[in-house]
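I've put the structures underneath this note.
Shared between the two complexes below is chain A, which pairs with chain B and chain C, respectively.
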Partner chain A sequence: MNDKIIVIGGSAGSFQIITKILSELPKKFPYPIFLCLHRLKHVRTGFIEALTIKSNLNVIEPEDKVHIKSGNIYLAPANYHMYLELGNIISLSTEPAVNHSRPAIDLTFSSAAFNYKTKVVGIILSGANRDGANGIADVHKEGGITIAQSLEECQVRTMPEAAINATEIDYVYTSDEIISYLLKL
Partner chain B sequence: MKLGVTEIRKINFALKNKFQFEFSDYSFYFLKRQLESYITRNNFRNIDDFLRYIHTCEQIEDNLREELLVPENEMFRDPTMWEYLRDNILVSLKNRHNATVWFPEASSGEELFSFLIMLYENDLINDVRVLVTSSSKFCLKKLKTGVVRSKGYENNETNYKRYNGQNDFGKYFDFIDSKILLHNKFYQNVTFKQHSVWNPIQVNGLKLTIFRNKAIYYSNNFQHKVLKNITSNLIVGSFLILGAKENVRNSLIDLDIDEHNKFEKIFRKVNR
Partner chain C sequence: MLITPEDVQKIILAYKRYSTYQFDDYSEKSFTRRVEKILIDYKLDIPSYINRLRSDKEFLEQSMKDITVNTTELFRDPKIWHTLKFRVLPRYSEQDSINIWHAGCSTGQEVYSLMILLNEMDLLEKANIYASDINEDVLEVARSGEYKYRFNLDYLENYNQVIKKNPYNFDEFKDVPFEKYFDVDKSKDRMKAKSFLRQKPLFRKQNLVAQNNVFYTKFDLILCRNVLIYFNYELQNKTIDFFHSLLFNKGSLVLGVHESMLGPIASKYIKKGIYYIKK
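Now for the complex of A and B:
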């Protein structure tokens, strides 16, 4: 399976950064990317279309138990948690909200850390709550790479700041630096 | 407490030895999270402590079954699905004596309560039989009381409005102290039964089964086994509703169902 998997979490103020990252990644980007973004739970269409316009890669809202493929971007569906499972499978869940969020970034990141260990690159972008801090700490504990968006660049700094306070972050990067890092993987 | 693969296998082994039930039929990461939560909440000091408890406690199977039944969280979840159900499928239940609607693996009741309100608003509450089954006797006991979880009440009301519900949502409930109870007049034709959906069951006159976001907690093979049990009870032309992100595309032929509404994940039994 893949040498790396990329998990990205974001909330308020992250959409522009996400579209910028997606627009810069080449068609043949070799790793799967998992986006866990806070979104309106009752709006089931539109978001993926907005991301697809900007992306060179295939953006998918996965159904439960789909197999992970390299080069695909998987967006956590509205009102579902998204887990990465043993056997390169995505599982969805309607368990109660975590950090007032479903999908919760913590759950996606922690499941990635548990199953993919050192292969994980976890990135926390702009956002207004602490979701993702525990998850990225798990990524660090399991030997993955941890990145937080630069606080100066963030529209809302609470989320990357919580990540920085929760664990040892390997890199604090601007969006351009995040893109550059991903392109060198 | 964090559990690794080895610990979870030990727990599964102990449970299987005692109850002949494969907890490993659940999705691994989901099972891990639920077990961790149970072990932490009940203050077990370590895995051996918990394994000893499995051997000695007769209630552990029921406790874990309850733990593994995820609450449904909100009434009228995916309001467009409920609108579609009301406007396009409910009519097939009219004037059908003994039409039965089944809610397998019911947990906190929001799906059932939404459906009962919909039946009432469409003058079908006395005409349709509703069967509610659950593997957890604790969940069934709670369901029989009609208690609605107060935490999500505002969200339930918002979803009801999005479903274009025409009435004052609050009029369907009694507010007693801090409890919210669905009026018991809705329960006249509801039967409750303890049953695990992975075991065969015969349901007569089954016109509709609502099984949304239940099978997502099972492994792939187990999902198929469970859905096979459910669809074997459907009569030709009757409906099965799954969660918006459940995937049975590769099993349609084996389950003898066709996609009726792709977006809302509504399927119809066919005769191949």
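Now for the complex of A and C:
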């Protein structure tokens, strides 16, 4: 399987950053990327299209139990939690919201950390709540790389700040630095 | 993660030993999370959890209910309902009767949504409605047809989209008041389905994993939405095969929006967009 798994969590103020990152990644990007983004519950359509327009890579809202493929970008579907399971499989769930969120970043990050240990690169972007802090702490505990968006650049700093307070963050990066880090992987 | 895969195996084994519940083929991550939540909520560790399962039947039943997930809304995902209205149900509208089974119906909102749709299509009378779940408590709520009003307020918009509007003809508008189907008491934040809806379905407890047909009939339409996501690949295929054996020829199966047939079982169905027809 892949050498790296990239998980990205974002909420308020992260949409532009995400589209910027996706637009800079090449068509042959060798690793799978998992996006767990909070969005308004009633905004169920149009979101993935907006992400796809600028991306060179395939952006998919995965169906339950599909096999993970490198170079795909998996977006947690609205109103479902997204887990990474043993055997390189994605599973979805409609369990209650965690941190008022479904999808919850914590669940995607923790399950990635549990299965992929040091292969995980976890990135927390701008957002207005604390979701993702426990998840990125798990990524660190399992030996993965942890990155938070720089607080100066963030539209809303609560989420990366919570991540920074929850664990040892390897890099606090601006979006440009995040992109060049990913390109060097 | 608080517990290890070995701990999870011990818990699964204990359920098998002390009950008929089999969680072997459940999706690992969500099952593990539910078990962790039980450990926290009841302040247990693994040995005391297993001990309670052995000695306390009531706890065993309650914990099974805590493990299974219950999410349902009125007219959840309007796209599915438009498909039911314009593509699926018309296939069976000329028959003398239509047998419909909601497998894993939870608190029943989907059951009532479909009855409302059938009624608007003048098909309710000839429909036989069956609904099952593993959890007796949610079936009790489903039978009562009584829900929090505010909880469902968001879904009034979905009701409007499915019942009042026609996505293929924007000029069409059918003014069907919500109160035709529910008595609403805003001061108590309650709403209750009208009795002609409540008395229609047959609700029964059923464990899908055990694969017994508790209704002793076959079906024209089976709805099983966001249940299979809690099963692993093997159990998903087995269950879809079970549905196949219970569908009439040309019967339809509707799964959740993000569920699909991934295994060899897919060859026994014709995929029609978001629903499946038995070959």
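Everything that follows uses one rule, which is that the second predicted complex is superposed on the first by the 184 of 185 C-alpha atoms of A that agree within 3 Å, B and C clash if a C-alpha of one lies under 4 Å from a C-alpha of the other, contacts with A are read in each partner's own complex, and residues count from 1 in each chain.
Keep this in mind: a contact is a pair of C-beta atoms (placed from the backbone, for glycine too) under 8 Å apart; a residue touches a chain by one contact, two chains touch by 3 or more.
No experiment lies behind these values; they were computed from the predicted model shown.
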item: Combined model on chain A: chain C and chain B, fit or clash; value: clash
item: Partner chain in contact with A:Pro62 - chain B first, chain C second, else both or neither; value: both
item: Touching partner for A:Tyr80 - first (chain B), second (chain C), both, neither; value: both
item: Common interface residues of chain A - those touching chain B in one complex and chain C in the other; value: 42, 61-66, 77, 80, 83-86, 89, 91-96, 111, 114
item: Sites on chain A touched by chain C in the complex; value: 41-42, 61-66, 77, 80-81, 83-86, 89, 91-96, 107, 110-111, 114, 138
item: Residues of chain C defined as touching chain A within the complex; value: 1, 27-30, 33-34, 69, 71, 154, 157, 226, 228-230, 232-233, 236, 256-260, 262
item: Interface residues, chain B side, partner chain A - complex; value: 27-30, 32-33, 70-73, 77-80, 159, 162, 213, 215-217, 220, 223, 243-247
item: Chain A residues within the chain B interface of the complex; value: 42, 44, 61-66, 77, 79-80, 83-86, 89, 91-96, 111, 114-115
